[in-house]
Amino acid sequence: MNPVPPPGYTQSLIADDPFWLTLIKVLVIFVLLMLITLFMIWFERRVVGRMQQRPGPNWNGPFGLLQSLADGLKLAFKEDIRPVLADKAVFFIAPVLSVVPAFVAWSVIPLGPEVSIFGEQTALQLTDLPVGVLVVLACSSIGVYGIVLAGWASGSPYPLLGSLRSAAQVISYELALGLSIIAVVLYAGSLSTADIVAAQSTGWYVWLLPVSFMIFAVSMVGETNRAPFDLPEAESELVGGFHTEYSSLKFALFFLAEYVNMVTLSAVATTLFLGGWMAPWPLSLIPGVNEGWWPLLWFFGKTLAFLFVYVWLRGTLPRQRYDQFMRLGWKLLIPVSLVWLMLVATLRVLRTELTTGQILVVGGIALVILVGAALLIPDQAPPEEDKEPPVITDYPVPPLDLAVPETPKRRRRAVAGKRDDQQATETVGAGTSGEGDR
Amino acid sequence: MSPLTSAMPTIDYGAIAPVLIVLGGACVSVLLEALLPWRVRGRVQLGFTLLVVVAGLLAVIVRSTSGAPAVTTLAGALAVDGPALFLWGTLLALAIPSVLLLADRSVEPGGAFVADPVALGEAEEKEKAREARVAVGARSGGGGRSRARTGGGDGAGRDGAGRDGGRGRALRARDTVEGHTEIHPFVLFALGGMLVFCAADDLLTMFIALEVLSLPLYLLCGLARRKRLMSQESAVKYFLLGAFSSAFFLYGLALLYGYADSVKLADISQAAAGSLRPDSLLFGGLALLVVGLMFKASVGPFHTWTPDVYQGAPTSVTAFMAACTKVAAFGAILRVFTVAFGSTVWEWRGVLWAVAIASMVIGAVLGLTQTDVKRMIAYSSVAHAGFLLLGAMAITPAGLSATLFYLLAYGFTTVALFGLVSLVRGPDGEATHLSAWAGLGKRSPVVAAAVTFLMLALAGIPLTSGFTAKFAVFSAALADGMTPLVIVALVVSAVAAFFYLRLIVLMYFSEPAADGPTVSVPGPFTTVAITLGVVVTLLLGVVPTAVLGWADGLSFLG
Amino acid sequence: MSPTIYLLLSALLFAIGAVGVLVRRNAIVVFMCIELMLNAVNLTLVTFARINGSLGGQIMAFFVMVVAAAEVVVGLSIIMAIFRTRRTTSVDDANLLKY
Amino acid sequence: MLDLYVPLIVMFALAAAFGLFSVTAAPFIGPRRYNRAKLDAYECGIEPSPQPIAGGGRIPVAYYLTAMLFILFDIEMVFLYPFAVNIDALGLFGLVEIVLFVATVAFAYAYVWRRGGLDWS
Amino acid sequence: MSALLLALLLLPLIGAAVCGVMAGRENLDRAARAVGLGFSAVSLVLVVIVWSLFSTAPDAPRFQGSLSVEWIPAFGVSFALGLDGIALTMIALLSVLVPIVLVFAAADKLPPGRTGAGFTALILATQGVLVGVFAATDVFLFYVLFEAMLIPMYFLIGRFGGPRRQYAAVKFFLYSFLGGLIMLASVIGLFVASDTRLGQGTFDWTALQGMAAQLPLSTQIPLFLGFFAAFAIKAPLVPFHTWLPDAGAEAPIAGSIILLGLLDKVGTFGFLRYTLPLFPAASRELAPLVLTLAVIGVLYGALLAAAQTDLKRFVAYTSIAHFGFIALGIFAFSSQSIAGSALYMVNHGISTAMLFLVVGLLIRRGGTADMTEYGGVGRAAPLLAGMFLVAGLSTIALPGTNSFISEFLVLLGSFPNQPAFTVIATVGIVFAALYMLWVFQRTMTGPLRGAAVVGDGPGAASAATFGTETGDDSWMRRTTARFGDLNRGEIALLTPLVALILVLGFFPGPVLEVLDPTVAATMSEVGVPDPVTQNGVAR
């Protein structure tokens, strides 16, 4: 096994960094992220291409690797358009607002253990804050501002709706995300990312906290507005979502932010659940594998695995309907993570406070209560009269009980096979007619 | 991470049982709101709320008769001492008639609150279905009858013009649909906040309790079924000004924290007693803190919300607010003055003199110009706040017991009075304009007599609780050397009596207008609430001994 | 940098908020000014916590945040309600209640 | 202690500089060909409706509701984090408190759920 | 005796409650009046019994028939009653006047929507509370009842009064209430003082008297002023009098009798019972001030009375003059003057009641209180005019009428101590004779005029004097028939008062006998040497 740095060790290590080292780290991470973004765009297109039985970009450079660079350059030389109705300053600042947090979040990701750079002992991490996890959460929250303001400032209906959706989506999934992180913090006893990684030296949290991991993984996709949760940019409904009115480099910035966010969250997931830079199990038995520069390999390997899953999802799953998506977030992820969290906390406290016998007794009682509660749950949906009828108010809103006319029988049979595809298009006006009274 | 410096707090569950009961009840009430079908919700919620309040009251009684010593519990957040128990008892006792008023369905069909959209939807559905049946019937030959019925519906529609009969009926249907049952959890939360507010032993708890009691009230204010705009407007005003003032309270808290390195009242007192720290923090903090507290108590120049909110809010809410908020706010004021600033009383009392005078004068003088009954009572409450401040400033045992008694007496009078106000109704809801009350003595002698009695109580005529209370407060103030203030208070009482009398004059000495309002026959809830208020007002005026005895000799902890 | 400067800053922010409440006419803007005041207080609390070397102020800031959030929820819903009824959020238009 | 934040600031500065540079440079790098239609809001080819001018547009209520709910749960999380960090020190007492706290929020959550606050039509 | 006293207090209140309950039913109205009258009659009987039981021995206790029940221990308040001579005479006066008033009012036309039962209830309520006011020996109880008596009176004026009754009622209430509140300040002050001096707050009159008399002058003066303000408003001394003419003029006749004859006596009674014994030093110190006001009142009241054209206002202003005399007697600090004042209180009640009744009967016939509308009533209604003369002479204290004795005692007693004030006040007597006779002349003598001719409403004035010009006398029988002299019932109503006026005019002994011990006690409490005994002048 490898030596595990004690909690707070990385902090003291980094606190000693000279300023030039910090500068180097910043630059390296920045460039790295740009490169990863370029790579990701290419990677995504290639993988999706393969999944769809086509080659994908293969013209520019070896394996088409330079394709995304070419795209980026092309974007730079496009005309920059600002609609008349747009709010100038905000329209201008929104892309910056969305890209900055994406980069800043990377400051606290531990890429590796203690190394020596130009004779200076330091950790492969820009900085390790005692509240590192909060920085990540804060950055993802601030990123929402970029999206909302972009849509708002465009002065155009589609971006506005897109940005609203996006904001609603991000904040909804951020809850589940945050709750699943709490479970990790519970066990690590620290908010410092380096400490969390160190705490996983005896076992990755993905095994200990499988539910949290799954919630995190799902929320991660929702948080980054990626398929199947890419509703804000649903081309079929909202044209381009919040960045409809953006072009040229400003558009590129949003693009960049999205991909950096993807990478960031993958890295965070790696850090929190997959042991960060630590080598996977059979390899971790080899001495020295978790020292020096090797961990970079493990870290980026794991991150890449997450990124691949992203692409995989995009290639496989159809886009969700908005209400389904929100239902998933609010009615499944949040309650499940709350219950799970309480469970974890209880177990953790009981383990330290109680003897095994007591735990068994308490557990037995809890089980009995749970079983009793389960028996009380009605078998079926509550009777019709019990359901909340539609809202009726004085305000001039369109009737909410508009019935969709039944599809003719013949057509229904024909369509039955492609139901999934259709769902995505059925949500027209999900935002516009949502003026409930509650 | 940071080591925990203090041990886990111990909790004296017996002492805080009333708070736990009320707040727990509030949570359960929310759950009931979620789980019960809407048909039974109203009834169950009312029963449950009353149960909670009564249970809380019993807990207070048990605690105060058990002779248990005064304690601070929850790491010094709450002080359960004599005054706290008295205030709790007062609040919970006042809550009973308030809840009954809130739950009344007889005066306003379906209650005074905005209709529950769920039930409303169902009612209209039914109406539509009936309409359809009638239409079918009409086609098959029963046209005459249905047409006649439609015509009748039109005539009875509330503002019939331009509305067809079906709509008129739907409106009638919606009139009888029960209002939001959320009012019950709101009331319980507000009540819980009040309980904590007047027992809070540190400023932070006090601040949070302040918000817990305020937020539901803001919402309740905006829920009137009739005169929606006015109601919502009052809610916005109350909310904005309330939040504004609580920000001041908070800043005061922050400054005092900076001064004393603690927000515990006792610590602040200690720090103030012997410290070399800059007094600017202490008195700046005190001033800001007092602004927030005075606002809640609708004292003096910080009263601007009072008339608007009293007028705009549904009357039952006004009753609850007027009675209970004042109790809670003055409970807190008493505690803060006594425990935290008792040692520096000579340095700040001068300012409060001015505040008290301002409050009394504003309340009395502006009350004279009012033409709306609810606004008038609001200004009277401002004047009363000034009187109460007299007792609160005294910082003597006599002042404390007098203020406590005053709060109890005033609370019951006010609740009953608003209950009566809600009975006088015109074609579009309550008729609160003074002119509408002309000749009420002829039309409804019992209601007029009750109003007269309560008005006399507010004016402080002997043999009503108002007099006993004023007497107690003034004697406490006089004993503490506030003679000029007492004189002002007495003169103001006389001025204020004028507008109480004006209403009495209107009711008895004027002829009723031909198209004047009607006086609803109150349902059992309202009747009980009003009767309770009137009886207590009378009892406290004639035999106040028991309550005075209880209030006497209480003292704050710390 | 002396922490006093933060106190001044927070006082300034508080004052800006207070003036805003008194001057601005849009309910939502007034509301935001109030939130500004609350957050100015948070800054004060945290600064005092640092000056006094105790954690209390920081913990209190948490509570204040919670309260502020609850206030936001209640306030927004009230303002929404009146907006839906009157179609304006200007405080000046709220003039039914006078004298 | 504060030193640890310096790299964060540097990173922030770099990213902001990059972003600002990009948005500033965009108009100068790209071509400029005037066309009135380009400056209109995008509306699938029809004349843009004047409704949602920046900031003045009406926003569906459901979004406000979501925002409010988010705030409440976010605040819940604010308390859960310190608890999670200190769970060992807080022990059983802390656990009971936090379970009560979560249960309280859960009541409200149940209410919102039942009353359709979480439904998107 | 204490049981009787309690019964005196409760009986009218119960009667009021009974009548109040009956007020709702139209058909019970007459019955309610009868019941009310019955209650007041029983009260009268009780008073006679109490009077006979009252001991006039010099060694009798200050308060007789006392009873005391703890009421609000927290404030040291008890429900304490007791009678001294002055209180007894006042209660007796009250009990005599109330039945008369009730009988008189039975024939009154009530404003629309009012019932006789309600009226009776209010009168009885006033009576009950007044008994309490006079009999209270606890300062707090006194204050409570002092304020409480405003309420029935307020409704009496406001509901049953003349056209400007609302204004008058509110004015009356506010003046009295303000006065009461100022007194409250002093009451509280007394309580606080007793708390510090005696170690325990109390309101017991006797205890307070012992304590308060020793208070330093600087404390006594503000306390004195508080009480004085209330009493000065109540017994209108001049600058505080403005409510009285309005209230007196707007109240129904019965109300005016209660108001001026009894209610206002609470003010002078208060001087005697509270200001003098409780604050002797302050009373002595401020006596010149009070005397000045009193004398001004005498002259001012007389002058303004002469200027009135409204009969009820006229009576009200004469009362102001009389109250000046009473105050003069009280603050002259001699046993004679004080006894005179106490007697004057009774006599003034009787005379005023008489005067008001006669005026009321006149108004009932003429339909207006405007004296310019009347002329030569004596020709149409000689008995009425005669009664007016008796009342008027009693009012101006003609020897042989009741008031003479008391006015004479006041002047006699005051002169040694306050010669200047006494002399000026004497001028008032002359004025009084002037205005009274002038009014008599204008309304009762001379040719028939105005309302006396047509006898129906104020509008009749213009149709007035045609008959006198033509010298035709036949119209006179017609008018006389309509205007009418006193009938048997009315004569019976006035008889007891006439009898009292005459009897007390010649034999004041029984009343003075009852008053004397109390006067003596008051003198000793004030602590001023009595000039009467000093000079050895026997009364």
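Going by the order they are written in, the chains are A, B, C, D and E; count residues from 1 in each one.
Going forward, a residue touches a chain if its C-beta (ideal position, glycine included) is under 8 Å from a C-beta of that chain, and two chains touch if they have at least 3 such contacts.
All values derive from a computational prediction rather than experimental measurement.
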Open item on the list: For chain D and chain E, which third chains touch each of them?
Closed with: B
Open item on the list: Quick check for you: compute each chain's CA centroid and the global CA centroid, then name the chain with the smallest gap between them.
Closed with: B
TODO: Could you compare the number of C-beta pairs in contact for A-D with that for C-D and name the larger?
DONE: A-D
TODO: Report the chain whose mean Cα position is at the greatest distance from that of chain D.
DONE: E
Task: Inter-centroid spacing, chain C versus chain B (mean Cα positions, whole Å) - done: 25
Open item on the list: Please tell me the distance, in whole Å, between the geometric centres of chain A and chain C computed from their C-alpha atoms.
Closed with: 32
Task: Length of the line joining the C-alpha centres of chain A and chain E, rounded to whole Å - done: 93
Task: Gap in Å, rounded to a whole number, between the CA centres of chain D and chain B - done: 38
Open item on the list: For chain B, give me the residues that contact two or more of the other chains.
Closed with: 1-2
- [ ] Specify, in ascending order, the residues of chain C that touch 2 or more different other chains.
- [x] 70, 77
Task: Numbers and ranges of chain A residues touching at least 2 other chains - done: 130, 189-191, 388, 437-438
Task: Residue ranges of chain C in contact with chain B within the complex - done: 7, 14, 17-18, 21, 27, 30-31, 34, 37-38, 40-41, 44-45, 47-48, 51-52, 54-57, 60, 63-64, 67, 70-71, 74-75, 77-79, 81-82, 85-86, 91, 94, 96-97, 99
Task: In the complex, chain D residues that touch chain B - done: 85-86, 89-91, 93-94, 103-104, 107-108, 110-111, 113-115
Task: chain C to chain D touching residues, read off their complex - done: 62, 65-66, 69-70, 72-73, 76-77, 80
Task: Residue ranges of chain B in contact with chain D within the complex - done: 1-4, 8, 27-28, 30-31, 33-35
Open item on the list: So in the complex, the part of chain D that touches chain A is made up of which residues?
Closed with: 1, 3-8, 10-12, 14-16, 18-20, 22-23, 25-27, 29-33, 38-44, 48-49, 51-55, 57, 59-63, 65-67, 69-70, 73-74, 77, 80-81, 83-85, 87-88, 91-92, 94-95, 98-99, 102, 106, 109, 113-121
